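These are the structures, in structure tokens.
Shared chain: chain A. Partners: chain B in the first complex, chain C in the second.
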Partner chain A sequence: MAKYQRQFFPGESKPAQNRRRYLDPKIQLKKLRDIPMDDVVRLMGHRTPGQAYGSIHAPIEEATEPECPIRKLVVPIEGAKAGDRIRYIQFADSVYFAPISPYQRAWMYLSRYRGIDTGTLSGRQIIEVRERNLEQIAKELLDNETFDPALTGIRGATVHGHSCRLDEHGLMFDGWQRYLWDDEKKEVMYVKDQVALPLDKKIYVGQPAPMADLKERTTIFRADGYDMNDDKEVVDFYIRIHKLRTLGGYRPFDVKGE
Partner chain B sequence: MYAPTAEYANVPLPEIRIMTNRLLSAETTEVVLNAIEGIKHIRQVNMQGESLPAKINSGPAKGHMNNHTERKIIHVAGREVELHCLVGAFYIEVLVEDEDGLNAVVEELKAACDKTIPFGYTIDVGRYSKYRPSLHDYRSA
Partner chain C sequence: MAGKDEKLFLDACKAKFKEEPTSMETKYYCYGGWKQSKSKVEFQAKADEIAKKRGFPMMNEDIGVPLGQRSWMPYRLSHTDLVVEADDLHCINNPAIQQAWDDIRRTVLVGLDSPHQTIQKRLGKEVTPETINAYLETVNHTMPGGAVVQEHMAECNPALVEDSYVKVYSGDDELIDEIDPRFVIDINKNFPKEQAEKLKKSIGKTLMQAVRVPTMVGRLMDGATVSRHAAMQISMAFISSYKLAAGEAAIADFAYSAKHQSITMGSMMPARRVRGPNEPGGITFGFLDDMVQSDRVYPDDPARAVLETVALGAAIYDQVYLGGYMSGGVGFTQYATAAYTDNILEDYVYHSVDLIKDAYGGFCGVKADDYAKQMKLADQVSSYALEMYERYPAVMETHFGGSQRATVTAASTGIAVAMATGVADNGLNAWYQSMLQHKERTGRLGFYGFDLQDQCGSANSYAYRSDEGLPMELRGPNYPNYAMNVGHLSGYAGIPKAAHLARGDAFVASPLIKVAFSDKDLVFDFANVTKEIGRGGLREFVPAGERTAVIKG
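Take a look at the complex of A and B:
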């Protein structure tokens, strides 16, 4: 029998290729910026940089664990070993060619990270994980190509804006204005943390990418970018899923052989 | 007995809708409004956009002032207008006699918008808001 090879997404169009790239954990995503770890911690607002991690239980080594084969099998992540609290970061992705969209974020998170819980909503994606692991994941997600300063927002609450028109500087709308455009530096700066508590210092997250570049990097199919209808394999894939789900719901006996 | 408050009440006067391709800053909104202010036959201008709350209304920061830079007072034809949103559309009701009059106003508006709205806009003529009371206006609270 041939060795099973993991597949990620069908299609040859640019967004399909990007989806495969983001999902494949063997591919190292490009690092586009370097936001200091202390600033990442400030942006999330769960603890002050330098402050000790809070805990919800004793370190696993000190605790007496019940006899359990699964516990022996699964290696705990660092945060779980230490008994860290579970904390989160949430991103909102604009429909105007953000590098990634919430649903693919879920696929990517589950494909790339262990010990996480993620939830998809219409315009945002939350990732929940033990605090010290979260900080590393958050830094990775802010530094790499899935983040664009103008079209991706770090928003813990009131995420409204992903489907709004962009403002005059090309930034995604945010009613709480967590980030501003610095016209001198031509960069986006955060002035509030993810739940809109004012930050002690401005945090620069870099320059937005040009729209032409984003259209090549995005996972979003759009009629004014790469149209999904032009990629037959993708369309066939979704039609098949739709058909199987419909049959599964209404005529499960007809699924056989499909 | 109910009587209309003005001659044009209950009459569906044409409305010109200007949708901007980008949400406008307070500064640009002020410039646009001042540019269309002098055009004749305009009865009223309504603006629509994304709401900017004065205070953070949920989450851990609830109650903090929002301090949004675009929520401010602008000056239109010497009057102060307090902006509560990032404007993305103008609904301009015009009082005209016929279609030629309407077209003339549309052309004037286009000329004003071309000069002042960055990143483009779309312009349509129709009726987009209520012009007479309906059952909904008589419901008890």
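Take a look at the complex of A and C:
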């Protein structure tokens, strides 16, 4: 029997290829910017740079753990070892060719990171993890190609905007205006953290990518981009899931050779 | 109705936004905030007045996220010209939505066959058309709160309970001919001939009462009280009109039949829902479908009837039940109204009807077991709906919540397959196909809890086993997987309606409910659901159960 190889996602279209690329932990995603770690910490707003991590329990080494085979098998992540709080970063992704969309974020997070919890909604995706691990992950996610300054928003609350039309600078709507367009620098700058508290300093997150570029990078199928109906394998894939679930619940004896 | 290539939502979109509906770009943060909304301005002025009077703060539109950063969207009630603000559609603000629920809750159907047998066989008295008429006159005195048996009794003020009455109907034309027409819901008059024949055949010779207890009773007590109020006042009417002994054991039969051989609109729910009988969570989709009367008044437009059903479902199930009873708070209006405003679902459903007629052999042209063809149709309809969101950013922004788009897209898909096959369960299965397609195509769907049901729904859509499934007509908010299925219930309700209309049926689940809601004396017009809700939003709708009659000044 051949060794199983993860396939991540079917299809040959660009969004299908992008999905595979984002999901495959062996692929290093392109780093497009380098936001200083202190600014990442400021954007999230869970602690001020330099402040000690809050903890919810003593370091595991100092605790007396019950005898448990699972605890022996699972190596704790650094934040868990230290007893960090669980904190979050949440991204909103525009329907207008944001590099990645909520479900692909969920799949990517679960494929690439350990010790996380994630929740999927229509416009936003939260990732929750021990704080020191979160900061590493957040920096990765802000620096790499899954983030676009115009079409990805860092939003803890009042997240809607993913489906709104874009403003005159091509930015996704944000009810709190956490970020603004700097017309001189032609860059997007954050003036509020993810729960819309004003920042002490402006944090620049770079220039938005051209729409033509984003259409090639996105995971989103759209009629005015790459239409899912043009990728037969993806269509067959979703129909197969539906059909097998239907038959599995209704006429399981009809599921043969699938 | 617009031509095949004309998008039905365009007018509403143009009224919402100054940009072309196809434009992806607009301006934000420049519209003057909440002050661009007439209702918010009114709210703030009132809140200021209240705060001043009571000496501590009330609502303040400047608290929280700045409202009105976007251009304030008005909402057009689908298939009407009525335009309102979102606030006007909140069920607390909209008396028509409240009355729709009041009219449903306060209706109980009580058969007369059993009490007539008691009177004749046990008490030895004759039942004739004359005695029935005398009883009906009496019960129309007792039901609103009139006393008949004891003297020196307190009664209800008629001005408070003017909406209360009792009428009868039957499939037996000869019997009905003998009854005082003022007390009759006349099937022959109310329904097109073909529908009337089917209804009368299904109802048979039974003589049924449509009892409307006062709106006030349901409001002050609860849904379960409705049948008790009816039973008490029916018993009194029998005692008085047939000159019976009030303490005789046989009288209990009247109360028993009224309480336990009657049909309330909402079935019992499990204890974990903490709701009594006859509450909106117990209304099956089939019952709700039969309350809607569009197919009676506009028999040549089945799509309209389906859309009206979705609208009623959105108001009762999503806004009142899930948004109010189960969740509380104010968040559900924006979500639920997407299904009945701005002609978006309208466009998808009428497009589906055209597609079914052009390429799938018309209504019921696809066999219930031709799964490949059903999946093909579902794929086409769902793709069309999603494409409209992509081609028309104004439509996307109108349904700015993913759950709104998911529900509306899946509803159109489910309705299409239900119409193409004439089977509601086929339609339901297509709903779930749409959800999976939507998720795969856009990389997003609704919210956590919403997605759960949709990703396992394919597997239970055909299940009839207890606690796993039911025929779609008998499912409802009470069905385990739909108990917190926010935003879905409206669309679900449309699916059995679509199937039965495609088959040419005169009702979905109950001919008795269908006839009961055809009565012109109901306060809410169930043939024009969106129009009524729009009138409520415009403050033109006059509900029942108002207390002004007993308030000085």
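We adopt the following convention: the second predicted complex is superposed on the first by the 247 of 258 C-alpha atoms of A that agree within 3 Å, B and C clash if a C-alpha of one lies under 4 Å from a C-alpha of the other, contacts with A are read in each partner's own complex, and residues count from 1 in each chain.
The definition used in the following text is that contacts are C-beta pairs under 8 Å (C-beta built on N, C-alpha and C of every residue); 3 or more make two chains touch, one makes a residue touch a chain.
Since the structure is predicted, the reported quantities are computational estimates derived from the model, not experimental observations.
S.K.: With chain A superposed, do chain B and chain C clash or fit?
M.R.: On the superposed model, which is not a single observed complex, chain B and chain C clash.
S.K.: Applying the document's definition of touching, compare chain B and chain C: which contacts more of chain A?
M.R.: When the residues of chain A touched by each partner are counted, C comes out ahead.
S.K.: After superposition on the shared chain, which partner residues are touched by A:Leu166: those of chain B (first), chain C (second), both, or neither?
M.R.: In the superposed model, A:Leu166 contacts both chain B and chain C.
S.K.: Have a look at where A:Trp176 lands relative to chain B and chain C in the superposition and call it first, second, both or neither.
M.R.: It touches chain B and chain C both.
S.K.: Which partner does A:Gly156 reach: the first (chain B), the second (chain C), both, or neither?
M.R.: first
S.K.: Counting only touches as set out at the top, which of chain B and chain C does A:Ile60 meet: first, second, both, neither?
M.R.: A:Ile60: touches no partner chain.
S.K.: In the overlay, answer first, second, both or neither for which of chain B and chain C A:Pro198 touches.
M.R.: Only chain B is touched by A:Pro198; chain C is not.
S.K.: Applying the document's definition of touch, where does A:Tyr96 land relative to chain B and chain C: first, second, both, or neither?
M.R.: Once the two structures are laid over each other on A, A:Tyr96 reaches chain C alone.
S.K.: Touch check for A:Met37: first (chain B), second (chain C), both, or neither?
M.R.: After superposition on chain A, A:Met37 lies in contact with neither partner.
S.K.: Check the residue A:Gly249 against both partner chains and state whether it touches chain B (first), chain C (second), both, or neither.
M.R.: In the superposition, A:Gly249 contacts chain C only.
S.K.: Among 20-28, 146-154 or 236-244, which stretch of chain C shows C-alpha clashes with chain B in the combined arrangement?
M.R.: Clashes with chain B appear only in stretch 20-28.
S.K.: Show which residues of chain A both chain B and chain C reach, each in its own complex.
M.R.: Chain A residues touching both partners: 158, 160, 164-168, 170, 173, 175-177, 196.
S.K.: Looking at the complex, which residues from chain C come into contact with chain A?
M.R.: 19, 23-29, 65-66, 69-70, 371, 375, 379, 383, 386-387, 389-391, 393-394, 396-397, 399-403, 405-406, 429, 432-433, 436-437, 439-448, 451, 456, 458-463
S.K.: Enumerate the contact residues on chain A facing chain C in the complex.
M.R.: 93, 95-96, 100-104, 119-123, 158, 160, 162-168, 170, 173, 175-177, 196, 219-224, 228-229, 234-235, 237-239, 241-243, 245-246, 248-250
S.K.: Write out the stretch or stretches of chain A touching chain B in their complex.
M.R.: Against chain B, chain A makes touches at 45, 156-158, 160-161, 164-168, 170, 173, 175-177, 180, 192, 195-198.
S.K.: State the interface residues of chain B toward chain A in the complex, per the touch definition above.
M.R.: 20-25, 28, 50-53, 56-61, 64, 66-70, 86, 88, 118-119
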